[in-house]
Structures are given as structure tokens and as C-alpha cells.
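Right, I'll just put the structure down here and ask away after.
Chain lettering (A, B, C and D) follows the sequence in which the chains are written, and residue indices restart at 1 in each chain.
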């Protein structure tokens, strides 16, 4: 008997569009999902660009207006991989059209938008996820299992850093990720949103935060809106950077643990330095994206004198997702986090459930993002709502 | 204008069959090759198994006898991913049928076979490669560029270790990789062949070798022939292990450099510990599969006091192959080495050239493998032929 | 001509007493200081204990009351290595008696005390230092040189962690370091004071802070007051822990850089995990006590593709202090930081100057410690005075 | 009651003379030995130099001829820290004079000398040691305990590397360590002797070896004989280098384990890169001088999925020697290995026993050194005598 098909409409074909497209294409190779993903259509405003992307990446068709995708009957799932300022409008339209939705992070421009998005998907009863892909690193998922099993005991500390350095040149142009009207926030929504998601996933909800943010380079040459790393400067015009270059915050988790978070795009030498450490009463874990297959684990009940952080290669069959890939020690990479997440999404659609992280997670993440930003402005601690 | 198609016939659907299949499937997503790979047919002896594999991996058809593939007119390239004892027969038949050939390593069971294979492909004028995939790790390819540019100066030392531990349990069964009639040698052809290829690639040819080999566990329960890590023991029967568990050798390179090599499947705690270090008169490099995206580079002309091994994440556009994948710091994994190699293969077919490593490399590798084995038996240094 | 002698009176013979005593004893072996340290007398309340310590460590005499030391004419320098609550009284008495003073960190119980101490040494015109020994790690001192030379450019970020785990067992007793009346604060004055000193040394003064502190284990069995790691519980009595187990704070440096600091004694698996990272516009450094001889340095102007954190072994003659010890690669340890600091102290006495860090540094450090503590209580940002 | 005194006569005041002198000076501070070391006299040919060294290092007297030391009645122990070609003559004279002897490694210029030295000390009944200081690194001594306890199971592999780079500049002069008549061999006796000692200590005796050696820079400017790293070239004269720059060998241990050894002074970027790995049937250890306080330990019986090399800081009271120094995590350095060895020596003298490594170890080490050298010359395997 043929599997139920899930016909996907992908919006966006740049960095995230590529990552998601690859995941759908590769998923059936590695995982036997309950439903079959079909790469139905991809959307981009530039027809030549999106057509070429569709051909190369394996999409059956393309559109130049995302609204067309919503209207099409042959689309079951909308995947939102475009600039943040479109997330809410697209997601709500998709939900209202009865389509499942997966949305890139951060979920929205602000809490108000996120709230409407959550309401929309709940009302429509569609399956929804937000694409916090780091949860799907085998080493991190394994850390979660260890924490849930009590291996680390009571958690006292979560500390994370997410350091990049790609905009440090003052001549780097004012790309969309540096314009508030398009991205909502800078490093905060781009990087810190990931760290917040990992904190919530691994340790739980927080009760209060105090934050600081700043923009180190306040004026930059204007560049092409869509550019990423390779954006080119166009002309002599200068624009204001109205989002944060760096953000830090401290928090209390509901269980009393300390949270210390820092994210920056001014961390010279750190290309994608996402890392965290968790200390519990019985053990600790450390993780670093640079060596993403490895989990450092300290277990208190190792024999006296033989205690030390173990360097575990989370590539064995026993580790989450790892069995689908290669023998132990044959590492996977960044792109596999997306394969793992769409694997969960497909099974969620089959079971009509919204796997975590879903819009509820995205909403709560946005609550924290906004609270940190407000705290930075008001220079005060902010109490978070009880979820 | 449509691209020329290269219709592939894949023989084998287990570990290497999976790795190669994935590479063909993923190749067009990342690289714009001059020809278009078509996943035409896959071969396995077990019909149910190969049919399921074909479906999951995206092959258009399947066969249960590799000879059928040779006969088929709709196959342009034969990819040999089966046990070593079949390499020669298949490769020669494929060449004689005018088909291009890529073969898993080690190329053959011995030099005699390798010689006949090389002769066959040369005579037929087909394109040929041997799948030493580690050459296609961006960090290693970048090391090659540095060496070729003179950055490291005159090379004095190449030292390598390839350590695994998957057969250390004496109850682990006598799988095909432990039977000489099927695999030719044990750790030697499986792991050391890779190290020899990297040495030849990075430093050049060797002039003499002295080796040692041993089998630590000499009798094992019989198991299913085909099994890898998850092989199950069948019954109470015991068989002799007639291949090496561990091998080490020393060599002289033609330029006078020392080579020190060790490979073992008894390196407890090392899942796939492939690593090397090269010292030159002006600099050094170190690489380790565990963190395969990183190259450690020491450059003598750094300022005094500021010298140290640099930890380079070879994930930037400037690094070989890396630009096709993800932004800097977003690492790739084991499988990408196969995508990179079939990328070279497709372009080789388009240009009717056999990219390195090809059967000439495979043959020379086999000459060294045999020399080391003979040296271990005769307990003497063996002079290698001049290539 | 014989060197001028500096006759030392050491107060305390436990952990810090041992570290300082060793430094004085070893100093002339490694450094040719301008004056000659003489190990004149050591003080401890327990006569048997201090007598044995004096014999073993090489002190010429001992006293059981520190006031006796102040009275003695044959003492030129008072070294204060006892519990924090005695620092002010001793230091002021020493200064008033015209003796030079070196005091363990934190300088005082609070700003008021620190102010009086600074006033006393200034008024008396004696030489004074506070023992922030980490400044004297060659790798850190070399980092300071790099920063001063502009190698890292404008500094954007200082982030530090100081993680220990020795009091995590709830049955660990209420030693003096857990009693506010004796130590002033917990982790804060013990560990964070070091991190603040490094921040001030390497990046400069801060303008404002916001902090959080907590005590995770609020009640502990009473133990011997003086105990460290090996303290034994005495009886069944329980006492309140009135100092912090963990502290974190964020700050702004005067130059605009972000400071993110965390210190805890609940960092399971971290025995003495003191580490920091600094990011500037042109480069970065990282340091970790675990491998204290190494400095990680990233230099932007390395060639494209060859950039990465260099692992520098700061054991070469060119590195601060390193030339006095062993050939490159032959590492030194914790105790050498004290040899280096008393080396500076002796030369300071010879030149009648107070080398950094001196009481001015200790005072400013205390201002920040108090501000963080007040901030944690008031849950607000606190502006620091301009120095 | 006063302790028995052991009056020491130290021969040599450069690198090793400094390391040994410091050890005697520091020993009583850290360890309560059964006898009391007295720094009686030090010897050097240059009177001004040795006098200054005696003053700085704390020796009571000095001599300019080692024979004077042998004659003196007030010397109980002769410590030989001079060039290798004097070891035998001094040690035999010392033994014949009834003095205990500790000698730097390698014990002798060749087996014949070593044999006479061993005979002499045995005949005289004096206490003897050879200064293989790496055995006294706490992490290595702890590894020994783990191996002896069966924690690693049956040992299959010992592999070691000792890499330095201080003579790579062709203009570096012909110092004594590059002259066969003075040092006996080059890298071999200097570095490989250490690796052989660790192999024998940790794994046991070997039964056969095959080696290779070479001199990469065969002619160098003449320099001052005594120079180390900072030797200066004197004049235009050129001399032949008649010792090895690099050496490698393979061996079989009596228990069947593989030994793979490499030592070089041409390992660019490695200042003192002494490292080894041992694989057993149940676990493995790794050690590296760069982070000498750490032992990497893999234990097979850790829970499935939680296995990995543990990074153990061997600075806890439970670790050998560590309790004498500092709290956990406060690392020690190179010089402490000498304190530990003279600690054993003093207790050996008190008990009239010769602790390992003694002249028997030095002799056996020399047997292996000579066998490797002969093997390199004859290009053949050499069977070692049974000890």
C-alpha cells in the first residue's frame, strides 16, 4: 500500500531554503517515515533564480508569489524559510487554508505576532513546528535523554555562547539581517533564539531575565537586501543599523538554576561558535557546534581518581538518529539536523500531532526574546509569565 | 541543451553501496557537474534486500547478478562496492564491455589482480577511479594545496594512525572482513590502504618498507558472511581468522622523509580514529577524522612567540569543495567525501580523463600493501619498484 | 656588595601560606631580584602546627599572634594569607608600623575596609600589593602584551568563567569560606575577584554592572572552621550558609565592551575551571587554567583560509617570566604564578614602587564586588564610580 | 631525633644540573622524606660559572673537577648531570668510592659501558637510579596503577611519539648533543630513551625490534660545545653531524603487544611533544606532555552510549604525588617530576634499596637503544636478550 503523501510548498530558496530542500530530498534515503514527502513547489520572487533552484534541488514546480502556494490545492505543508517579517502573514494564511506549517526561527517579529500565529494554527488544527534545528543534533538529543533520566541530578547551571564574526568589517553592508523592519532583531533573533530554545529544551522554563544589547557598528554601506556573507556593497549610500550586534542576558530557571547567555556577531575567530555547558548535582555536559558529533559528559559516580569529562562520539546506533546514518565514528554534519527535524515533522503529520519545538515553543521563545530586549531597554529585570 | 547522462550501475547495497548511492543522489543538489548522473540500477544477491534498497535509495532498477549489469546497454559506469574478492573480475568485465569503472578500495586482492585490472581499463580506454574517499575531505585537500605551494617546506615526516575497535570482543563473529579468501587482508587492506593513499597523495612515492602484522584473536565463532558491526553469531561453530588484526610499518619516501604507519582494529576507544601529522622544514599539519573539518596548521614564519598550531575550520568558500555546502563553521560529515569524489568522477567522464586516485593509484597502493605483507612474513626491509 | 635584605613575616600557613612560602623559598633560584627575600617568621594560632610548618617550609622563626610580627623590628614585609576578616586590621597595623604589605585577595570584606586599607598604605608610604596571582601566568601576561600592542584591535567582548565543584556535596561542612563573618562573601570574593582582576588588567575599567547570586545549599553540618577540602564534619550540628554558592554578572567596560562573568562552586566536573575569552576587532585570545601554559590566539590578518586559533605554548624565552624556568615545551604550574608575583614585589620594594595589582587595584576590585552584590540584592543595574 | 643526612654532590649545572638542584632544594618543602638531602657541593669546569650557580641554587660549596667530589668524605650521593660520555667513568668511580649514584639518561654511551656501570654499583652495594623523570608524572604513574590493576585488560598496543624542533634551522650549530663522541647518539639517546623507559615501565619488556635512523642536516657550523637552545655559532667552520636527527622503530613486547615508536628533532611546531597511547582489551590511556597533568582514559565498561575518553586532571589527592602539592585542578609542571624522583631516591637510600628506574633499567634501556641502532644499520630485525 502506498504511503500517504505530504506535498510540500517551500517558501525561500537561499540559505534556509537550501537546507530545508536538502532535508526533504534526503529524508527518504535515511528514514522510513510514515508519510512520503513530495517536493511539490518552491517560491522565490526572482523567477530565474527560483527556477534554477527548483531544478537543482529537485522541486517539481515553482512560484514567484507565496500567496499562489497557499491557494494551490496540491500543497499540504507550507515551509517558511524567508525573512522574518513575512513569517506571521504566511503562517496565518497557511493555517487558515488548512495547511500544515513549519517556520524558520525566530517564529515572529515579536510576541504579538507569535501569539496570533499560535492562535491560527491551533484554531485550524494543523500540524506546526518551528525550525530550531539544534535540538536535533544527536549529541544534544542524547544530552536531553541523560538529563531526563536523572543522570546529571538537579540542574544548577546552564551557560551558553553563540559567537560568530561575519559582520565585523565596518564595510560589510546593511543586509536584511541588519534591518529591524525585516528581521525584527539582529543577533538576538538569529542566534540567541537558538540558545533560548536549547535552554528550554534541556533545562525547562525560566522565570525572569535581565539583558543587555548593543550595536557596535552603527552605520554601514547599503547593500543588496537579500545578501548573506557574500553581499556586495552597492554605491556610496550609508544606512543606520537598527538591530543588535551583540546580546547577553542572565536568567533564573523555574527550578532555581542560573542561566547565563551570550550571543554576538563580533566574536572574532568564531565562525559558528555555538556551545553550552550544563552543571547538575551529579554530572555535567558540554557541547560545541565545532565538534557537533561529540558530547562531553562528566559523571560523578565514576570511580574516585578516574573522573573526568568523557568525550563521547554520538555516532553509535544507541544515539538518537545516529543509527540511520553511518557506522560509529563516521560523523555527520550541519545538514543532518534538518533531515532529523523533517523526519519528526513527517511523523507528526502522520499522527496529526505537532512535535516539539512547535509554535507553542516558538511563542514562548519569542516571549523571552522580547523580555530580554525590553529588559535591555529598561535596564531592569523582567519577570516572565508562567507557562 | 540537456547534459550528457551517465547511467550508473551500482554493485553492492550495504555500507559502501549506501555511501555511493547517497553520493549520486545528492551530487546534483550541491554541484553543477558537466554530466548528469542517473541512478540506473543496483545489484545485490538477495532480491528482497536489493529491491528494498533500490526503492529507498532511489535506483530505477535492480539486478541480482552483477553480470547482468555488464550486459545491459543502458549502463555507462560500473561502481564496485562489494567484497574485495570480486573487484578484479567485475572491473575487468566492465572495462571489456566499455564501461567506466569506480572501485572500492583496496583495489584488489593482490598486485597480480591489480595489475590485470589496470591493464584492462587502460586497454579499454574507459575512465577509472578507486574510492579513496579521504583525499576528498576539504581539510586534507587543503593540506595538499599547502604542501604543493611550499608552505611546509621540505617534508621530513609523515606519520599516521588508523585505529578502530569494533572486533575486539572475542565473540565477534568471523565476518567477511576477517576471511582472507574474501577480503585479501584484514586491517591492512581495509584501513592501512587509506593511510597509504594519503601518504602518496600528500608526500609522494616511497622507496622501501618494513612491516609487522598480527592476528590477536585467532579463532572466532562463525557468523553470517555479509555482516558488519551487527553481525550475529550463528551456531556454535568456530573458524580460523586468517587475516591481520593489526599492522604497522615504517617506510622511506623517495624524498628521504620518514613514514611511520599503524592501523589496528584493536585500538579500544577509537571508533574511527584516522589521523596523521606531517612535519616539514617550514611548517606542519595535523588532521584527525574525529574532527574532520579541522586542519591543524603550524607556520614557522608566524611572529616569534605567537607560533602555534592553528585550528582551521576548513568550511570556508576558499577551502576545496566547502563552498558548495554551507556557510563557514557549519560542518559537513563523512558522506560528503563521497559526494566530492563522484563529483570528480563525473567531470572525469565528461573530459574522458581518470581523476586521481585512479587504478594507477590503486595498483601502486597494492604494491605497497603486498610489500608490507611480504616484509612482515620475511621479517625484512623490501625495496619498492620505481614508479 | 651584598643585596639589601627584605625580611618577611608571613601570616597564615595553610593553602595560601604554603603557596607564598614556597614562592619566597624558590624565588632566588629562578630570578635575580634586586633585593634578597629572607624568610624571617611565620604566624599561626596553633603552635604545634605553625612550628612544624616553619620547619618544613624554611622559616627562621614563628609566632602564634600576628600582632607580635608587627612589633618585631626584624620584619620588613607583612604577607597576609589568612581569612578575609583579618585583612584590614593586619594590613593597617602593618602599614602604620612602616612595613610593606602584600595581601591575599579579596583585599577586604567590603569597600569601606578596602578604602581604609588603601588610605593606610598610602599614608605610610609603604609598598603594597594584592595577590591576584593569575596576572602572573605567562600566557595571560603575554595576552596583555598583545592587547597593548593593538594586535587584537578594539576590544568588544570579555567573557569569563570560574567553575569549581568542591562544596557540592550537601554534607560538606560549613568551613570558613562559607561563613560571611569570616570571608565576606563566598564564590564571589574567592573566585570572581580573580575574574574581575583579569578583566580590569586586560580590558580596563567598567562603568556599570548587574548581578545575580544565590546559595544552592542553605544549611550544612558544622565543621572545623579552618578546613578546606578535607574538612571533617564535627557532630550533628547544622549551620546556615550565609554566602553565595554562585554568582554571575554582566558589565559594560568604559570602552563599550561587554563583560559577561560567571563563578560557581557548583560546576560539577570543573576542579579549577578558570577561563576567559576576549574578542577584538582584529583578533581574539582564549585561556584556560587547565592548560595554563597555553594561549589560544586568533589573528585576523593570517592568510585567508589559514586563519584559526593558534595554540601557543607560552614557555619560550620570549614569553613573560618563561625564560627563567625551562626550555620551551617544559611546562610550569600553578605555584609559579606566586614566584612571579613575589619577584615583582621584591623589585617593587627595591624601587619603592607598588607594582600592580596593588591596593588601588584591590580597592577597585572591591568596589566592583560590592556593586555586584548590591545589584543582586536590589535587582538593578549599578553605575560604578569613575576611577 | 634528627634525620640521617644525605650529602649530595651534583656534577653539572646547566639544564639537568638546574633541574636536579631545584629538586633537592624543593623536596623538603613538599615531602617528608626519611632522610634529609643536603646540597653539599656542585661541580662545573668553569669556576665563575659554577660558583655563581652554586650561590643561586643553594649549594654549600663547589668544585671544578668531578674527581675531587669522589674524593671528598662529606659526599654520600653523586648526581651525574653532565654529557653522556662521562657517565660511565664518574658512576664507576663513585660506586667504587662507596657513594650512591643517580645518573641522567641515557645511562651510557653503549651497552658495554652500561654493563660495567651496573656491575660497579652492584658490586659496591650502593643505591643507584637513572633519571627517567617522566615515570614520575602523576598522570603516568596513575596510568601504571590502572594497568597493574587490570583496568585496561590485556595490552595490545603501545605507541609513542617524542617530537621536538629545536635544531631544524641548518644554521643551528654543532652543539654537544650533535656530536657522537660526547653524546653517543642524537635524538635516540636523548628522546627515544625516555619513550623506551615508559614502554618498559607501562607494558613490560620487548623481545625484538626493527629500527630506522637518519640525519637530515649532515653539516652544521661549529658552535660552543656546551650550548643548548641558545648556542651561538662561532666562526665559519663547518662540522659533520654524526648522530641521528630522527629515529623510529617497531617492536614486539613479550606479551605480544605491538610497539611503534618515533622520536625526532625535526617535528616542526612540536616544542616538547612527548606523547603515547596504550590500547588494552578493556580500556585505553593517552598522555601528552603538553598537558602533562591530564590522563585520557577510556573504560570499556562505561554504559553503552556513554563511553568516551575521559579527560582526568591527575591533581587530586588520590593521584600519585599529587597530594603533596596543591588542591585539585591547580596544576604542576615539568620540574615536579624531578622532585618526585629525588623523593624516591631519598627513601631508597634510607631503606638501602635502589628504586626503579635504576641501573638495571638503564642497562636494559641501553640494550634496546643499541639494538635499534644496530637494526637501523643492518636493516634487519634484532632479537633482544631475555631479561
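Rule of thumb we're sticking to: contacts are C-beta pairs under 8 Å (C-beta built on N, C-alpha and C of every residue); 3 or more make two chains touch, one makes a residue touch a chain.
Predicted, not measured: the structure shown is a model, and the values here were computed from it.
The greatest centre-to-centre distance from subunit A, using averaged C-alpha positions, is reached by D.
Counting C-beta pairs in contact across A-C and across B-C shows that the higher total falls to A-C. Between the Cα centres of subunit C and subunit D there is a gap of 35 Å. Averaging Cα coordinates per chain places subunit A and subunit C 41 Å apart. With each centre defined as the average position of its C-alpha atoms, the distance from subunit B to subunit C rounds to 54 Å. Taken residue by residue, subunit B touches two or more other chains at 270, 294, 307-309, 313, 316, whereas all remaining positions touch fewer. Residue ranges of subunit B in contact with subunit A, taken from their complex: 15, 19, 21-22, 25-26, 28-29, 32, 56-58, 164, 166, 228-230, 270-273, 289-294, 313, 315-317, 325-336.
Interface of subunit C with subunit A (complex): residues 152, 156-157, 159, 161, 163, 165, 168, 210, 212, 214, 216, 246, 248-250, 252, 256, 258, 260, 262, 264, 266-270, 277, 279-284, 298, 300, 307-309, 379-381. The touching residues of subunit B, counted against subunit C in their complex, run 142, 146, 294-295, 297, 299, 302, 304-314, 316, 318-319.
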